[in-house]
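Below is a structure I'd like to ask you about.
Labels A, B and C are assigned to the chains in the order they are written; within every chain, residues are numbered from 1.
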Amino acid sequence: MTVDDLLFPAEARTRAIARELYTHARNLPLISPHGHVDPGILADDAPFPDPARLIVVPDHYVTRMLLSQGIPPSELGVPRIDGGESETDPRLIWRRLAENWHLFRGTPSRLWLEQTFRTVFGIETPFNGQTADRVYDELAAKLAEPQYRPRALFQRFNLEVLATTESPLDDLSRHAKLAADGWGGPGGRVITTFRPDDLVDMDWPGWPDRVVKLGEITGQDTATYEGFLHALAQRRRDFIAAGATCSDHGHPTAATGGMTAAEAKSLFERVVHGGATAAEAEAFRAHMLMEFARMSLDDGLVMQLHPGSSRNHNATLFRTHGRDVGGDIPVATEYTNALRPLLEEFGHDPRFRVVVYTLDEYTFSRELAPLAGGYPAMFIGAPWWFLDAPEALRRWREAVTETAGFYNTAGFVDDTRAYCSIPVRHDVARRVDAGFLARLVAEHRLGLDEAAETIADLAYHLPKKIFRVG
Amino acid sequence: MTVDDLLFPAEARTRAIARELYTHARNLPLISPHGHVDPGILADDAPFPDPARLIVVPDHYVTRMLLSQGIPPSELGVPRIDGGESETDPRLIWRRLAENWHLFRGTPSRLWLEQTFRTVFGIETPFNGQTADRVYDELAAKLAEPQYRPRALFQRFNLEVLATTESPLDDLSRHAKLAADGWGGPGGRVITTFRPDDLVDMDWPGWPDRVVKLGEITGQDTATYEGFLHALAQRRRDFIAAGATCSDHGHPTAATGGMTAAEAKSLFERVVHGGATAAEAEAFRAHMLMEFARMSLDDGLVMQLHPGSSRNHNATLFRTHGRDVGGDIPVATEYTNALRPLLEEFGHDPRFRVVVYTLDEYTFSRELAPLAGGYPAMFIGAPWWFLDAPEALRRWREAVTETAGFYNTAGFVDDTRAYCSIPVRHDVARRVDAGFLARLVAEHRLGLDEAAETIADLAYHLPKKIFRVG
Amino acid sequence: MTVDDLLFPAEARTRAIARELYTHARNLPLISPHGHVDPGILADDAPFPDPARLIVVPDHYVTRMLLSQGIPPSELGVPRIDGGESETDPRLIWRRLAENWHLFRGTPSRLWLEQTFRTVFGIETPFNGQTADRVYDELAAKLAEPQYRPRALFQRFNLEVLATTESPLDDLSRHAKLAADGWGGPGGRVITTFRPDDLVDMDWPGWPDRVVKLGEITGQDTATYEGFLHALAQRRRDFIAAGATCSDHGHPTAATGGMTAAEAKSLFERVVHGGATAAEAEAFRAHMLMEFARMSLDDGLVMQLHPGSSRNHNATLFRTHGRDVGGDIPVATEYTNALRPLLEEFGHDPRFRVVVYTLDEYTFSRELAPLAGGYPAMFIGAPWWFLDAPEALRRWREAVTETAGFYNTAGFVDDTRAYCSIPVRHDVARRVDAGFLARLVAEHRLGLDEAAETIADLAYHLPKKIFRVG
């Protein structure tokens, strides 16, 4: 058997069907329309650093699990912002992971890393405290070889398109380099995504300065509301020139609407130099989603919305290491009322499209599937962060398919900074879908031919269409 | 094998047990105590119209899925209320469904329709874009035959009792016709259900006029609170004479209680000609559930409560096509505090019975099972609308059986307007219960004899007893 | 086969792995760090009473299910507080259970009781209405034998440590007796747990008197806030001398923090003689969790928090039978914001540890796993009350393992007053974990050796370490 049975249901009949279905998806190119890979990796195509800096330091899934058992991020090399010291010896960092590898049993991190070692790097040595150095050395040796450079891997991964995510303040120079090399730009292999949270979120420290900077970049008077909107629209055009097909919005809630343009103007111009209350910041975020939807009617960017994270919940971590290092915790999220203004105004417009994600699986059947199954513009994004496990992917399909079917779901997104794990993550999703569809076939609910067509659509054709890539 | 394995678990041992258990349920008569079939269908016993008008036009599960992919209801023949045109060619409508049949993979609509074609109409042609006309013709030919008239089907379906749902303003003439023909009235085959939402819901446009009309029908002075209550009690007696054993209440929330009779009187008489606020409307609905519970102590109607739908969420759809065409979306629903006044006052009274449904599965183990497993008067209604899939039925049993057992659940309800799908829907529920019970047997938690008794109770004996029918 | 297949997955390959894994856990000693057994049972070591008073009367799982079908607790011998009569004939009580045994199909009570009969008492007679008297007689005969006395059973159960739960007002005399007999005290077989709810909960009738009594017991001036805190700290030391390693806190919500010490002092001294509002009581509970966490830095007690029960929801039951007889119902519970103050102040302190339970499974993946997987001090408690079924245990592992792994879960707790069912409950948890781990092995996600190590950790080593027992 060249195709092993990882993740397939144990029951023999279902497993055989899953194997068969998987053959229809496994070799399809990867579409990665939503992620956080540093575009510089591909622009520079430099060799990756040591195993610890590749695998441990930047992966907050890994560092937060170790933190939860008392190993602080500073012992894992995560940079500090408070002047404190952080471990610099990559081999020591690596050993700390290996010695605590049992903590990851049953987690997606374990699955991804083991499969990355095995399928990306060809390392068959089992990973644990005893083999830490050996795996480190094997990995380091591979990383020094030219076929493990980022662009070589891109081709080996069978990646068709990879979207990174940038702020409107980003100069897009790395994407310009990629375009110059024939890798980027509209229709290119590496594209950007327009993520304006840091300009929309009045609560985020430094907001007034960033609005000023946006004005400098665009030549607009961003002290006025009209200038601010024009500047954002202009940056969207710049991003589209760098290949963007989507915008991305990470808000605390899914709230949309609620303000007239006049109210928004009045609020913005009153607080553009600072001083917005939390309620004003929330109202402005909700309003700006309406404005971005309106812009998308003209420029065609697909909106992605992922609400529901309480950012920087872990204040200790925030103080010592800053943002995005594993200190965010989900909260209950409401969609039915929150999205109503957006869907009322744009939900039937064929030019508009919104892909909605969640950290709160307890909305799958109650809100997300009914909304996506009832409005032409809305699609359900793949489960994401804290919902990455095969079990979560299964629960998602089981909960949303009833009301949204397969064709109102947007296809898998890896949402990762961990470049080398991308093919593994997509493979996990394809295997889980194979198992899910195999059960429908085994229960006589779907023909094998239909299931085969469906898995290919989920893996490749749907995300390509929905995210307007390729 | 005459019994096929549709929906049974794939694992051989469990499947064999499921098959065996299913034989104890499959031939039991159908009890349909909660549904929305037009009683005129059975009163008139006229042939059904063309396939499109039978299958597509009235089924908002079908039309909303097509809408979600950009095919508006007007292209599917759904009547417009805004003066716009709607497709009238049934064959065109039918083809639009067939060409988009892949959208329904994995959904209950797909399951129901395919099984309806096969088991009700004996059509073995696979349904898809290529076969659309052929299936249409086969179906149209069957519909012209006398054995496909509604009453003939009723008997073939092995229906023992079917409850329809009417407003207190309905003249019940169709039920009178059924009674005159020996089909209706108390203990009859087709009975009504008392659904007073349009008279209780001050928010519903036209409420004052309907209160006046209620007065005209009953000869009560419904401008007074006492007259209003008397009129409703009188209509309940009329409904009971037309066979009703249940009332049915679809409220935005599960709120009950909260007002004294004096407060209710004062509110009612102040706003009976219009002008209630949203908060007043909500308070009045909560109060009226107490009043209906009180009436049921005398007249014995079983109360059914299904909260949690945000009605007419899709404003575009509401504007073009009106109510009940797929534009409702669920919201999170609270039961523990909401039902406390009702259960405190009536929850131990053997004359009172309330069957509580939900659109929010994320209350199954936390609220519904503990309440039904702790109060004599309360039973959990079958999962419903947006929770119709075999997966949802399984999740329901897995979540509520622990605390409520099997005997505090009220049995399957089809809740449908789609008359021809009724036997299929019940069959799906029986198959899912067979699979669920088979697992308990396979895990050595239940004897086969007990499981066989249980499946017969769930399919037939329990709903008959709990809904007081037959 | 000496090991039967109860609860193992039906699929043959997975079942074989589950059997193998179970052998690594089945004979490990039982750690019972959280329960409600009356310590007098073990202090006195008297024979148990008749079967009804052992099995039916004190078990509100059993009496609430019978109540839900119209059999009031007074017919089952549950003592009344309203002067009414209660059944006194144990054989009649027993028959009422047996005749309604079908109500318990699929419930954990059924599983526990049948396994208790079979494995603890060696009774193979199937239990039902026909065999009621025979099982009663067999059970009564066993109960008269010396090897069925509590201490003999303790050793046969292979219990290593059993924690009971007492109020700070308890004189701990039964634990003193146990210590004198070589059974109790620090490191002993039977230990206590510090549960101060009745002194913290200003809402609980009689609170001012209990605060006075606390002052009498400790010699502190509990009319002052400082005296109150000193008195509680002193009782914690007394409890530790009686073997306690944990405190236990059952609050309506998970709220923590929110008050300064000065505010707490001011509130406490204003209402110490009565008159706190509901909001004040809630604020004080939230504050006191911070104080108890602070005390634990010094004295090492592990904090257990189980919020989310609406106590005495069933007012009729409360009026007739008082507290803790099955009248509580869960409510939705929020953790992310509620626990933030506690985790911000103590969540990284290696001296602090909090085990958080829930009645609301719809927080598993969204809040509990992310919190426990992100803070060193927090662990997730086993599913509990209303979430005792094998299905609930499986859902729990499926939902939390992704983000918290196995090693941020605290191990099974039986949480029971039903002494004779303790080994059965632990056995159920071990079997479910065997099945869960077997699936991971069958899906090629975990090695058999790792799974074997994990099940032993979950069953024995983890709870021992986390609850600081043994």
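Structural remarks
Just so we're on the same page, contacts are C-beta pairs under 8 Å (C-beta built on N, C-alpha and C of every residue); 3 or more make two chains touch, one makes a residue touch a chain.
Only a predicted model underlies this, so the values are computations on that prediction, with no experimental measurement involved.
Chain contacts here are complete: no pair of chains fails to touch. At the interface between chain A and chain C, under half of the residue numbers involved are used by both copies, so each side presents largely different positions. Computed from the mean C-alpha positions, the centre of chain A lies at a distance of 40 Å from the centre of chain C. In chain B, the residues touching two or more other chains are 9, 11, 362. Those residues of chain B that touch chain A in the complex are listed here as 4-12, 64-65, 67-70, 102-108, 110-111, 126, 310, 313-316, 326-327, 329-332, 359-362, 386-392, 395. Across the interface of their complex, chain B is touched by residues 9, 11, 13-14, 334, 336-337, 340, 343-344, 347-348, 350, 362, 365-367, 369-376, 378, 398-399, 401-408, 439-440, 442-447, 450, 453-454 of chain A.
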